[in-house]
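Two complexes follow with chain A in common, the first pairing it with chain B and the second with chain C.
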Partner chain A sequence: MNWRRALIAGAVAIPIIGLLRFGLTRDPRAIASPLPGRTAPAFDLAVFASGNGTFAPTRGERVRLNDLRGNVVVVNFWASWCLPCRDEHAQLSEMSTRYANRGVRFVGVVYNDVTANALRWIDEMGGQTYPALLDPGTRTAIDFGVYGVPETFFIGSDGTVASKFVGPIPASVLQQRIDSLLVAPVP
Partner chain B sequence: MFSTRALAFSACVLLLCAFVRGGAVQARGQGRGDSANLERRTSAVASQLRCPVCQGLSIQDSPSELAVQMRGVVRDQLAAGRTPEEVKQYFVEKYGEWILLEPEAHGFNMLVYVLPLAAVIAGAAVVIVAVRRWSRPAPS
Partner chain C sequence: MTRLVGYDALAVALAVALFGVLAAAFAARRGEAALGALVRGSVFTLFGLTSVAVLAMVFALVSHDFSISYVAQVGSRSTPLFFTIISLWGALEGSILFWVWVLSLWAALVVWRNREISGRLIPYTGIVLLGISAFFLILLVGPANPFGLVTPVPSDGPGPNPLLQNHVLMAVHPPLLYLGYVGMSVPFAFAIAALISGDARQDRWLRLTRRWTLLAWGFLTAAIVAGMWWSYEVLGWGGYWAWDPVENASFLPWLTATAFLHSVMVQERRGMLRLWNVNLIVSTYALTILGTFLTRSGVLSSVHAFTTGTIGYYFLAFIAVVLLVSLVLVAGHSESLRGEGRLDAPIARETVFLLNNLFLTAFMFTVLLGTLFPLVAEAVRGVKVSVGEPFFNRMTLPLCAALLFLMGVGPALPWRRSDLAQARAKLLLPGGVALVVAVLSAVLLTRNAYAVAAFAFAAFAIVCNVREYWLGAAARRRAHGEAPATALVNLIAANRRRYGGYLAHIGVVAIALGVAASSAFRKEHDATLKRGEKMSVAGFELQLDSLWGREEPQRAVVGATLRLMHDGREVDRLTPRMNFYRTQDQPVPTPAVRSRLWGDLYLNLMAFEQDGSSATIRAITEPLVPWIWIGGGIVCLGALVALSGPARKRVPVHETTGPEREPSPLPLPELEPARTA
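Now for the complex of A and B:
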């Protein structure tokens, strides 16, 4: 009755292999966001660094997501203590300038950080072309389901979250995601 | 005559003071009771929510900054009159069902509840069959 033994062994082994394959090919730290496809959580945050781009609200002014309706909004959560945030800073600043006249607004929301350190970091990085906002108590970050930095959210002109990127975002991904939200891509 | 009136007035003032003070103490006691009750309810909800930056810890048990801030959100929402279920639902809407330490028993999640029971039943069946086979008298 070898065929019966083989059948039982197969019936036991195949589900275990399937489970291992499922488990080992996933990042256990990744949390799938339920936000894409839903209206982005509204925020109303104070600017602590204006940035040197065309969208540069003054320090202390409040930036409300609802006021940006009609634009594609890129929300980047970052911190001065976050090393991967250094890797993406240049492309975020560059793309913010590149898309400024195309109805795209970038905002940086600082995550669990000290304002003085965040300001120093921006200086060290050679400035940035979009405003940086304070998030007291990390309430906005929790509203967006953030669990680490950097995390970048892409919000369509209708206020719906299109996608989220975890980790330092490459320029090509940044451009592709913005283009997909604009009617015609930048040449 | 004057001293009797003065005495009566003083007694009234003292009584009033005692009444006001008693009321304030009771209000403070009630405030402390409310606060302890809120903490208890916060802790009960926070114990059911997974800390996103830890390994298998609830936000109640984790000392991480994010967990502390999430507990603050739980506390504020409960204080604002939301039910524990509504608070949990808020976190599910932000982080998905992953945030619940005990997944809801529906759909694919049912496997978590059904598989261990099925494994125990299957194991028991194997043991019974094996014991019967071993205890069967050998053919002469």
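Now for the complex of A and C:
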């Protein structure tokens, strides 16, 4: 065993590993959404589960984004067949309650799902504190450029999309993004 | 219950693998017999346990046990049974589970096949394979656990990725790929074991390794061709290769393994290139792991997944270990790996093999560079770039042409030495044919220089390789008075390795022709047809007969039925379709392909009116596409023929007195030095 050669050869591995290590820190799919900074696409969707929060339109009633103007709106796209959606459900419900009296409205838009399954899912997860809306033909999801579920959009009180979050959203991110919208001066 | 059985089997398997590696250190002191018994026991137990885990997962999938995370992720009650079973490898966790099973299968086969061989080489090989298995089992027990618990239990799941449940080749391509990809662990394990045990100084380990490499290479070849076919039949763009990172990941180790299969002959015959061969084996394995890392950890583009988790860091650590251990071992032992032979003359088969290795390695580096460049560019300059097809095509086409040329020259030249006159005599006929083909195709077919060169070099290679069969069989007929067919069969049987190799060459030529013709002469026609309207394509007329829709349990299907007419008569009916899966917005195209030996007619439904009044059809004509699939089959057949032969003992060609046995113009197998064990 020639240790000098071995060490020199071993050193060759270091830049390769460094490069791959760098690769792990970036997301090749992180394509900026064109939506933030623009007016949110208007929607007009039927409620299929009212939820047990303070903002609880009755089943069958329609929720229009334009009617919510003046509130900060959090739109969450989800489905009953989506595993990561389970991970974020508790945070969403909790934050919806916490921010209800500060004029923040949460809505869940169900994505490519069967209503019965979605209702059962809400039951199983212990109910939710904000209304769930049907999106026939995934029109609204297409308008919002949803790529997969879950995705969460933050809309300011002036109706512009402030940001979006891909994947199960942690409570801290939810809180921080909503807070930043609440203090934002209304232009 | 199923969940616990599966998970516990994996946990125990991890314990067994780690125990096997650690206990080996103690058993080694108690002699080879104890060591061998320990390693065999561990490997067989490992295989048994991973089999239990795989069966548990298959059972969970079939029984729709949505309390198991993997089933909840890829299962669905509406997915047909067949696709439910094969969704075992449809997502990350399941594919790692399948990977471990294949790895333990290979390990068990290696240990069992070589149970009679004494010494430390085989036990050490087993230990390396146990160590590799331990890494993947750590993934399965930790960050990529397929047997996670889901509560409350969902009533249904999303089903597998639509692209993966749209075609039966999904059942063929991944297992082949795993057999090939994971199979490259075997030569790697042999190489590391040989370096540690000191066996690397002799060539015995290489003879044991060669056939495993050939077997894995055969699987990898079949997998790559099946993958091309699958993307051709499913993705709807009428192509089969796009230099996507995932494709490159499978192709990179194939290139180095192919180089090894050639250069190993130089070592066996001449005792040269020892260090080089070890390097090729180690690189092949490192490239399989690198490819897996790049495509499965989210570093380069991969299937959209929200939960990539921390698996990338585990892989990074594993790559670091593999690279460091192999580089240190190979470099540290490089002095004892010095070759004993040297090149005698520039014009000889050895030279061709050296050039072949040079070009294949350059090919590998080109593809690797193109694949990694976006990463390098972002690391160095902070910009996002992508490297597209033009780079790969421009860089690799000259290499392809050179390799085709060498594929013809190699079989024509004898080992050790030849001279210009002899080479000229051997290459006159194929060279002439190539020239004629070049002129004819330039005049009659195309002005595309690449296509002309491809046809010419392919003609050159095919003449050279077929001539070897022809001359050999003719010699047998004369010597033994055998009938032509018998002579051919006996010729191959007497030297399966050599003629298997030539057969593989012929298959590669067929693939090259298919690729060249289908890229150079591809034609696309788009038309929006009302019902009853016609479009003309390549001498045929296509008439839209009807547009229909139908609901299936897991999807909705919209299809167009088209009549293919020739001279006013209907010759065929084609139905390109679009499948709409519930969990995906984008429809999955299902092209209709009418395949004939001389080319394909490829129809894709691009768009349709909701009321069924009209449809937009893309018709693509691609000559010789089936030759790629047939060529792939021939290459694999060649590998099988070569595998069926007995292992060769190294026949050193000593410095003889008098003239070296001149290569006879008739390569009589009987005149070759004895090459059977």
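The rule we apply is simple: the second predicted complex is superposed on the first by the 153 of 187 C-alpha atoms of A that agree within 3 Å, B and C clash if a C-alpha of one lies under 4 Å from a C-alpha of the other, contacts with A are read in each partner's own complex, and residues count from 1 in each chain.
Definition applied: a residue touches a chain if its C-beta (ideal position, glycine included) is under 8 Å from a C-beta of that chain, and two chains touch if they have at least 3 such contacts.
On a predicted model such as this, the values are computed, not experimentally measured, just so you know.
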item: First (chain B), second (chain C), both or neither touched by A:Trp121; value: second
item: Touching partner for A:Cys82 - first (chain B), second (chain C), both, neither; value: second
item: Which of chain B and chain C A:Asp143 touches, first, second, both or neither; value: first
item: Partner chain(s) touched by A:Trp3 [first = chain B, second = chain C, both, neither]; value: second
item: More chain A residues in contact - chain B or chain C; value: C
item: Which superposed partner A:Arg21 touches (first chain B, second chain C, both, neither); value: second
item: Where chain A meets both chain C and chain B, residue numbers; value: 112, 138, 142, 147-148
item: Chain A-facing residues of chain B, complex; value: 52-53, 65-66, 69-70, 72-73, 92-96, 98
item: Interfacial residue positions of chain C with respect to chain A in the complex; value: 69, 72-73, 76, 150, 152, 154-158, 290, 293-294, 297-301, 304, 306-307, 312-313, 316, 319-320, 323-324, 327-335, 372, 374-376, 378-379, 582-585
item: Interface residues, chain A side, partner chain C - complex; value: 1-3, 5-10, 12-13, 16-17, 19-24, 26-29, 79-84, 86, 112, 117, 120-121, 124-125, 138, 141-142, 147-148, 150, 166-168
item: Residues of chain A defined as touching chain B within the complex; value: 31-35, 38, 41, 112, 137-139, 142-145, 147-148
